[in-house]
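Look for chain A in each of the two complexes below; its partner is chain B in the first and chain C in the second.
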Partner chain A sequence: MSVIAVDGVSKRFGAAVAVENVSLDIGDGEFVALLGPSGCGKTTLLRMIAGLEQPDQGRVRIGGVDMTTAPPYLRPVNMMFQSYALFPHMTVAENVAFGLKHDRIDADAQRARVSEALALLEMTAYADRKPHQLSGGQQQRVALARCLAKRPKALLLDEPLAALDKGLRERTQLELMALRRRLGIAFIVVTHDQDEAMTMATRVAIMDKGRILQSASPQDLYAAPASRAVAAFFGDVNLWDGVVTAQGVDCAALGLTLPVPCGLPAGTNVAVVLRPEQLDFNPDDEIAVGGHVEEVIYRGAVSTVLVRTPTGGLIRIVRPNLGTVPPVGERVTVGWRRAAVLVLP
Partner chain B sequence: MRRIVLIAGLAFLYLPPAVVALYSFNASRLVTVWTGVSTQWYGELLNDPQIMRAAGLSLAIATAAATLATILGTAAGLALARFGRFRGRAALTGLIAAPLVMPEIITGLSLLLLFVAMQQLLGFPGRGIGTIVIAHATLGLAYVTVVVQARAAAQDRAIEEAAADLGAPPARVFWAVTLPMLRPAVVAGWLLAFVLSFDDLVVASFVAGPQSTTLPMVVFSAIRLGVSPKINALATLLMLATAVVIGIAVLLARRTAPGNSAGPTAAIR
Partner chain C sequence: MSWRRRLTLALPYLWLAIFFVLPFALVAKISVAQVQVSVPPYTPLFDTQGHLQIDWANYKLLFSDTIYVKAYLGSLRIAALSTVIALLIGYPLAYAVARSPARWRSILLLLLVAPFFTSFLVRIYAWIGLLRPTGIINAAFLSLGLIDEPLKLINTEAAAIFGIVYAYLPFMVLPLYARLDKLDVTLLEAAADLGATPWRAFWSITVPWSLPGIAAGCLLVFIPALGEFVIPELLGGPDTLMIGKIMWAEFFSNRDWPLSAAATVLLLGLLVVPIMALQTIAARAEGRAEARA
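Let's turn to the complex of A and B:
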């Protein structure tokens, strides 16, 4: 059964549409990432689940109960804010205990919950500090502990890693994943970072201009994007314009007709998508195009090679650095299998 | 050169009160003739029942007016900082800012006309302590509003949202989170309103009744009969008290806005 069911929700701010007719079901224990550029409505959607915004249309159900108009303090979900929003005049322990005052449990149980939450986030030693005495990473742990002490049905996280430096960000990603597995509750995270979404989430909902373009596992999104926008936004990609012909798809950038069937009528404009790691410098492959190496971008384990075709198209190829990367200026032939080509409307 | 200008500026600002303070320790009965050091005027001051009664009254009025101004000003400051563009926002801003820019004599006169008209129509309020408190609260309200609004606008709204998200109904969010976070600004506003009321002569003169002579009014009427060294002593004590209260207000305001050494009180200077 879904913990959170968002059904046909829309939200406008004045003339600007923030969220438009969005539906999303989130199951128990899922780790869902709302991914999109800034202003795509992902934070507004999260805030509507938390009750901090009221949708203009549609319903929000939490744990099977319609909570569309319920105020935030009556909803069994908790949110970790981007700024962490700790209470500056309270100690760490008081921050964590704050939310328990309204749960009908006695003082001993409250204390136990606070210690349990602090222990879970390894912040027990800091219980008597004030937030301004903590580092950014520690403040985040307090914010998480404060949410989890409430034992929410789902944890909402607004850009949880944006304020952390790179090393801490990776560690926190792994910890959030471990935490979610341990607690078994749903996590919904808002992010603009596709690597973050790919790493942590069991499901990614890609948003743009207030709509969900596609919602699927990271693997499925990468291998089978539903549209040009999803392909362009999620993962490294070659994306060219093409026109369907009787023989296949005519791709002007490559100067050839790709012999791939797509079932669309001739003359239809389509997007041709090729993932860079599917390409190789192999002239004997099913499809091959000549060109010269314009740039090689070294990235440690792999290099990204940019090959310019005679018709002016640019091909991105990602190869492991095992001595097979050609130097800049060399004439090469790029080859790939027919099955690697995705044709999207 | 810069040093000379600085010293000249400071002298311009602080020499007159320094002279008053100095002469308060003068042994002579004549204010302008220095004959020796004495603290006798302070003693006489404390034994003057009229001045002590007026001082007590001024303290009581200032406390009541500052408290009233703080309650209303905090509400107004929060409304202006939080409610976005509501109907009547411009009118409210203008009304609250009016006492800041209006000549005190106009404020005093208009309040007097209002109170007289009200008394004729409603039989209420009779001029006296009550009307002074109301008038001073109106003045102080402006200062409290500005200080609280600056603080509230700088506050991260997410903190109150987090409180609501954690299960606190609106009333608890206000008492447990919003107000404690505004506390330095509220206290600073109260102190400013207190000083404003305690120092005020013009408005109080208009709205006072026969039995409600405040300390500045006593000082003013005493000076009209010739400057007494006793008044110098009183002025020195008043300056000292005012400086301490303003100092506390500025310190609190500074703590209010870390990283902004001027603090919200700079906005009203």
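Let's turn to the complex of A and C:
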């Protein structure tokens, strides 16, 4: 059974539509990422689940109970705010205990839950510190402990890694994943960073202009995007305009007709999608195009090579740095398999 | 430290020395003198033989004559009541302004200080016109048939307290507003998310956060209220006993400068205690809350 069921929810702020007719079911133990550019409505959706915003339309059910209009303090979910929102006048332990004071738990059980939560996040040694005496990473751990002490049905995280530097961000990603596996509750994270979503989430819901474009596992989103927008937003991509013909798909940027069947009537405008790692400098492949290397972007383990075709198109190719990356200016032939081509309406 | 820096640091101390320490030393000197018919109307600190003349009789009188003790207690009571009432009215007011849409805030603050554009005395006299037995309020109530004879609205202690609250309310609201304006709303959302009802979130988050503002507002109302002379004189009537009125009477009517000076020194002593207490509270709360930012 889904722990959170969002059903046809819409929210407007004045004339601006923040969320439009969004439905999303989140199962127990899922790690869902709401991914999209800023202003796409992902945070508003999260806040409606937390009860900090009221939807104009639609229902929000938590644990099978309709909680559309329930105030935040009655909802069995907890949110970690982007700013962490630690109470400045309370110690770490008081912050973690705050949420328990409002549950009907006796003092001993409260203390036990506080030390348990602090131990889980390795913050026991800091119990008597004030938030301002902690580093950003430590503050985040306290914020997490404060949520988890409440034993929520789902943990909501608003841009949890935005304020951390790169090294700490990667470590925290792994910790969040481990934490979710250990606790078995649903995690819903809002992020604008596709790498973050891809790394952590078991399912990614891509949002744009208040709608969910596609909600699937990162693997499926990458391999089978449902639309041009999803393909463009999720992962590195070659995306060209194409027109369906009797022989396949005519691609002006490449100057050739790709012999791929797509089942659409001739004359239909489509998007041709090719993932850069599917391409190689192999003239004997099923499809091949000539051109010259315009730019090589070195990225350590791999390089991104930009090849300009005679018809003016630009092809992105990602190759491992194993001595086979051509230099700028060299004439090359780029080849790929027919199956690598995705044709999207 | 360069001489420029020294000068910058010295200026406020110099100001305090000239306009506070020196006059206070003069007042303290007069407070240990005795009345005599001369110019100025008190005995000098050194007599003709050069002997120091210090007489504590004025202070003894302040403590032995019940009228002075009562006046001090009256001042403390009226000032304390006024401060509490100003806080009870000022807090919701400051909260409302701080929570209002940004474009309204400056207008609301302007309205709050608008009374200062007219003279303080004129506004107090206006209240006499409103409150007196033949005043506008009584006339309105009489004509509406709500009352049969004029209410005694003026020349009461309540009227004095009302006047003080009216006059000093902005001094309560402004520091409270300054503090509440800086409250991160996310903290209240977090409290709600963690299970606190709005009422509990208010008491456990908003009130502790605003303690420095409460302390500052209370000081700004309590201190001038304690020594207030004009408002109790004009609205409080003869029965409202406050030390400010006594000092005025001793100084101008009795020409007893030394006794009035002694009352002043004692009042300052009374003020220093609550100021230091509240300063400590404010400093502690502020240190706790603001070191974070």
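To be clear about the criterion, the second predicted complex is superposed on the first by the 345 of 345 C-alpha atoms of A that agree within 3 Å, B and C clash if a C-alpha of one lies under 4 Å from a C-alpha of the other, contacts with A are read in each partner's own complex, and residues count from 1 in each chain.
Here, a residue touches a chain if its C-beta (ideal position, glycine included) is under 8 Å from a C-beta of that chain, and two chains touch if they have at least 3 such contacts.
Worth saying up front: this structure is predicted, and the values here are computed from it rather than measured.
After alignment on the shared chain A, the placement of chain B and chain C results in a clash.
Once chain A of one complex is fitted onto chain A of the other, the partner contacts of A:V17 are absent, as it touches neither chain B nor chain C.
Once the two complexes are overlaid on the shared chain, A:P71 sits against chain B and chain C alike. Contact with neither chain B nor chain C is seen for A:V296 once the two complexes are overlaid on the shared chain.
With both structures placed on the common chain, the touch criterion links A:L239 to neither chain B nor chain C.
When the two structures are aligned on the shared chain, A:P131 is found in touch with chain C, with no touch to chain B.
Overlap of the chain B and chain C interfaces on chain A: residues 50-52, 71-73, 75, 78-79, 81, 83, 85-89, 98-99, 101-103, 146-147, 150.
Those residues of chain A that touch chain C in the complex are listed here as 50-52, 71-73, 75, 78-79, 81, 83, 85-89, 98-99, 101-103, 130-132, 146-147, 150.
By the touch criterion given at the top, residues 184, 186-187, 189-197, 200, 204-205, 208-209, 285, 288-293 of chain C touch chain A in their complex. Residues of chain B that touch chain A in their complex: 156, 158-159, 161-169, 172, 176-177, 180-181, 183.
By the touch criterion stated above, chain A contacts chain B in their complex at residues 50-52, 71-75, 78-79, 81-83, 85-89, 98-99, 101-103, 146-147, 150.
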